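What follows is a pair of complexes built around chain A, which joins chain B in one and chain C in the other.
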Partner chain A sequence: MQDRRLKYVLILPAALLVLGTTIWPLAVSLVTSFRDWRLTRSLTPGPFIGPEHYVTALTDDPDFANALQVTASFVAIDVALTVVCALGLALLLRRAGVLHSLTRAVLILPFAVSPALVGISFRFMFNAEMGVFTWLAGAVVPWLQGYVWLADPVAALLVLVFSDAWRWVPYMTLVVLGGLSALPKEPEEAARIDCASEWQVFRDVTLPALMPVLAVVAILKTVFALKMFDQVVTLTGGGPGQSTVTLAYLVYSIAFRWYDMGYASAVAWILTAMLVFLAVWYMKLILRKPGGA
Partner chain B sequence: MADVSLRNLTKAWGGFTAVRDQSLEIRDGEFMVLLGPSGCGKTTTMRMIAGLEEPTAGDILIGGQRVNDLPPRDRDIAMVFQSYGLYPHMTVEDNIGYPLKLRGIKGAERAAQVRAAAAKVELEPLLHRRPKELSGGQRQRVALARAIVRRPTVFLMDEPLSNLDAKLRVSTRAEIKHLQHELGVTTVYVTHDQIEAMTLAHRVAVMQGGEIRQLDTPEVIYDRPADLFVAGFIGSPPMNLVDGDHADGRFTAAGGFHATTGVARHGGRAVLGVRPEDVTVGPAGSGDLDASIYAVELTGDAVLVTVQAGAARIIAKADRAWRAEIGSTVALRLDASRLHLFDAASTKRLQPE
Partner chain C sequence: MNGTRATAARRRKLVMKGLESAILLLALFLILFPIVWMALTAFKRPVDLFELTLLFTPTLDNFRTIFAAPWNIGAALWNSTVVAGLTVLISIPCSTLAAYAFSRFEMRFKGALFFTILATQFIPAVVVVLPFYLLFRDLGLLDTHLALVIVNLAIVTPFAVWMLKGFLDAVPTESEEAALVDGATRLRVILDIVVPMVWPGVLVTAVFCFILTWNEFLFALILTRDNAVTLPVGITRFRTERGDLWELIAAAGILISIPMFLLSSVIQRHFVRGMTGGAVK
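So, the complex of A and B:
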């Protein structure tokens, strides 16, 4: 009996911490999402209004529709770019060698930079007058000389994608490298002997074997891309116009600029629902028994 | 079909030399087994023939053409791997058909060739399964079918039986031998298992430390091992090897062990070798020397008798009905025509006149 009680005592601090910092706020925000609560009018939550916020968001809010569309574009381009670049880099770094291992070690550095800082750095690098990227792009393509990247809605979104891919690609490369190193060598060698070119070996043998790892990378990246916030704040501020307002940034704006806590909670919960769906899919994928892939 | 020749082939990684200045002529249609303990360079040699490793020095010729600079796909070889090397996401049919697909053979013709190859290894009912749904033996047969489907000039087999259980190994071994005989394709087969080498090979190259220690037919390798390494490596239980002195055709060892060798020219430190089946045990006093029994082991088809003869322990293979108490004294008779004498310093075989 003593032992049985002891294990609950030992787990209590961690349980309280999770309860206090995650479960409780989640529960409060869920309740809040069904209430009318504008901080400009009252410091205490207002009356329950049912699912009205959800209905508004999904049917009658151009800001929400815009943010959803921006987020979808951002996620699609960001995930595709990250997976393709990570796969390419991992294939290049796969071979053994001093230079390869050194590169693999250095590769993790971008991931150590805080995302907010990444945003600030990229804002400077894409500055129209003194940005190094602006200068580089101008040097390569003359008509891009002095181009104000962050003033164009499409270009601004691409710069946002670029900054996020810069941060994530190295880390995902390491994940893909891990997957590659776990692959048995023999099928690839067998294919080479069976007369496959290097491209055919990749397409017919390596890529299919790597699909489970790439799926994990894609889902993980989708989850993180859906939550895109830091770089929006520090790099584009959601602009120009609303062209880079992601869902997470919209939640922040509704809550802490327009002080509509009820509506912000509802939008946050729509985002959370998407994330939970992806997280469950992800867990199913990685918990699948080995050999079932 | 073609002959394969290796000329002064060397492979080194940094300071480590895996294969050292190796030359080997493999005849057209021959079944050549590279035999040796792990790390002897046999797999590296095969991988160089396949084009999966680049030689540091030397030449590889297939059918008289130098292939050093050709990628594996241009060498017209097929290889069977130790852990099969099947494509896990493809069905058995697609696995076998993949080499044909890469050669642009399509539709009905491909299906027919795949079916013919599958029939040779009795895989027809399993064509629509995936590798993970097959047993080890079935997987290895898929690998074999994939190798034979396109009629290469050379087969390379890298320990194809070592992942199979003992029973399956025996039957698959016979299948490989039959297939090679039927197709008549030049085959290079790598193994550390001397039984596989003895049973399959036309000729065996026994390797150690990156070098070929002896290259000959299984009979000669068994009956006249070229040096101590080959003598000790081939045979199960292994050849008895006794350290001692040799002079005037007579071998003596510490503790009274002695034998007549018939090698007159040699004198000095030597090692006497005798296979367990060439040692007969009988009643005390009836043989060349008396010794006490150290252990008696029944293996089923024979009794292995270990005796203490002076400082040496000798294993004799006796009839399976033979019985004796541990500690009792028996006589040993060594078959004088089947004694092996090796020089202790050079480890080379000394031939009787």
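So, the complex of A and C:
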């Protein structure tokens, strides 16, 4: 049958695109990560030095340790906040009502805004002198009046989380709403007839059934939080000090400020390894589902 | 006894209802406020910028300024359109063919192949861009549309294959099989029968990929300097040594966002599927 060859021909263009634009650069980065190559010294790749960059990053680089810790904090707060808010909002929005449909209608908007623009707008709104959020926070909590959010290491990280959650919570709410609408109605109604309280219905019926969707939300959000870059550039610039330098931003700094391609590749690959690990987990989760994917 | 319990229950219900409305109002405020504030700022004169009042004399000057020299945001608008448009035009046909093969045929290594294509969307862009930066520097392709299109294909193609496979799986195969029995070739069947049936899905995927490319920042930041700067990098130019020109940033921000708002509302129902690849319907 002609189909036997044709099916591979059909896949070829897309496979070549993925091969050329992703697999090839990944391989080159991996090779480069074992080389000593600073663009300031030489325009061509230097000698192989073995796993030295990896050893340095993992044992002897305060910048890497700092970025790892910043990224871990960012991911932990961001993912927890996103999952909880998206779940709560979706449960509320499941019901009918004017406010409900109005909110559902605007959920898609933040995700359409460029992350770089989100970062720069939040920088404006948290500006010390005339940022509207600075002012609002001061109006609600008096001792926050005139607080310089982006000059405090912890507050700056929280503003970064806020800006990211602003973009992702509404989107993930849509995802959870999709999951909720796919659940069968009967178990919840049966539990209500048995006089279970709303909280019991949620804890014992809705939440367990929703677990697969929440897992998707949590893993996807972890992946995108680990890659966090755009808003770091436009919102905090990694500061104050190095308090918001994420791993992706560190790679960028090493490569394009210090021009150390070998070391940048190694750090990039450590980040990649974490993400590939998550990717495998995620695929198993969704491809196992019959009729999924 | 019964009566008081009923009133208590009703009162509790009323409180819950009020609480629910309050939370939703807060959510609406949080979602809309940054967008509204940006829109308002775009029409403010610099003197009104630091006023937190809603009453000001609106002006279109900011929009005139960003299109004039030295900002020339029109060039970035053009670059963004060309890069996103070309990326979609290259990616969608290739992805449609691959998605069709994944949807209709059994093959060796199918699982592994599909898995590889999908897994690539988890790769951080920063690891992809390093080799491309060096390659484009050697080839003299830095700061060109071509360079941006190539790297953006890395992001867009896996998404497109995944989304399109979902749409193709949902298309019934009877008319395809009938045409095949009648002696039509597989390619004719794809072009004449499958593509017209899955056309809405192709459009949705194209729009989704266009939005992804349009908003892309990291590649454009590293690979462009002057000629090929796209809008997301273009707005960072308004942060000058003389300070941040917020009113111009806001005007350019509106320019970037309005087309994406329109596009995303068109495909709203399918937007969720794009990112989660049909894991969540």
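The working rule: the second predicted complex is superposed on the first by the 269 of 293 C-alpha atoms of A that agree within 3 Å, B and C clash if a C-alpha of one lies under 4 Å from a C-alpha of the other, contacts with A are read in each partner's own complex, and residues count from 1 in each chain.
Here is the rule we go by: a residue touches a chain if its C-beta (ideal position, glycine included) is under 8 Å from a C-beta of that chain, and two chains touch if they have at least 3 such contacts.
Quantities reported herein were computed from a predicted structural model and do not represent experimental measurements.
Colleague: After superposition on the shared chain, which partner residues are touched by A:V148: those of chain B (first), chain C (second), both, or neither?
Modeller: Neither: A:V148 stays clear of chain B and chain C.
Colleague: Which partner chains sit in contact with A:D194 here, chain B, chain C, both or neither? Use first/second/both/neither.
Modeller: It touches chain B, and chain C stays clear.
Colleague: Quick one: is A:A80 in contact with chain B, with chain C, with both, or with neither? Answer first, second, both or neither.
Modeller: Neither partner.
Colleague: Of the partners chain B and chain C, which touch A:E186 in the superposed model: first, second, both, neither?
Modeller: first
Colleague: Give one of first, second, both or neither to describe whether A:M130 is in contact with chain B, with chain C, with both, or with none.
Modeller: second
Colleague: First (chain B), second (chain C), both or neither: which does A:L158 touch?
Modeller: Once the two structures are laid over each other on A, A:L158 reaches no partner at all.
Colleague: Between chain B and chain C, point out the one touching more chain A residues.
Modeller: After superposing on chain A, more of chain A is contacted by C.
Colleague: Per the contact definition in the header, classify A:D204: touching chain B only (first), chain C only (second), both, or neither.
Modeller: A:D204 sits against chain B, while chain C stays out of touch.
Colleague: Using the touch rule from the top, collect the residues of chain A that touch chain B in their complex.
Modeller: 184, 186-187, 189-197, 200, 204-205, 208-209, 291
Colleague: In their shared complex, at which residues does chain C touch chain A?
Modeller: Contacts found on chain C: 20-21, 23-25, 27-28, 30-32, 34-35, 37-38, 41, 49-50, 52, 90-91, 93-95, 97-102, 104-105, 107, 113, 115-120, 122-134, 150-151, 153-154, 157-158, 161-162, 165-166, 185-187, 211, 214-215, 217-218, 221-222, 231-233, 235-236, 239, 244, 246, 249-250, 253, 256-257, 260-261, 263-265, 268, 271-272, 275-281.
Colleague: Taking the touch rule as given, give the residues of chain B at its contact with chain A in the complex, in rising order.
Modeller: 50-52, 71-73, 77-79, 81-89, 98-99, 102-103, 132, 143, 146, 156
Colleague: For chain A, which residues count as touching chain C in their complex?
Modeller: Touch list, chain A to chain C: 2-3, 6-8, 10-11, 13-15, 17-18, 20-26, 28-29, 32, 88-89, 92-93, 99-100, 102-103, 106-118, 120-125, 129-130, 132, 135, 166, 170-171, 174-175, 178-179, 182, 213, 216, 220, 223, 226-227, 229-230, 233-234, 248, 251-252, 255-256, 261, 264-265, 268-269, 271-272, 275-276, 278-280, 282-283, 285-287, 289, 292-293.
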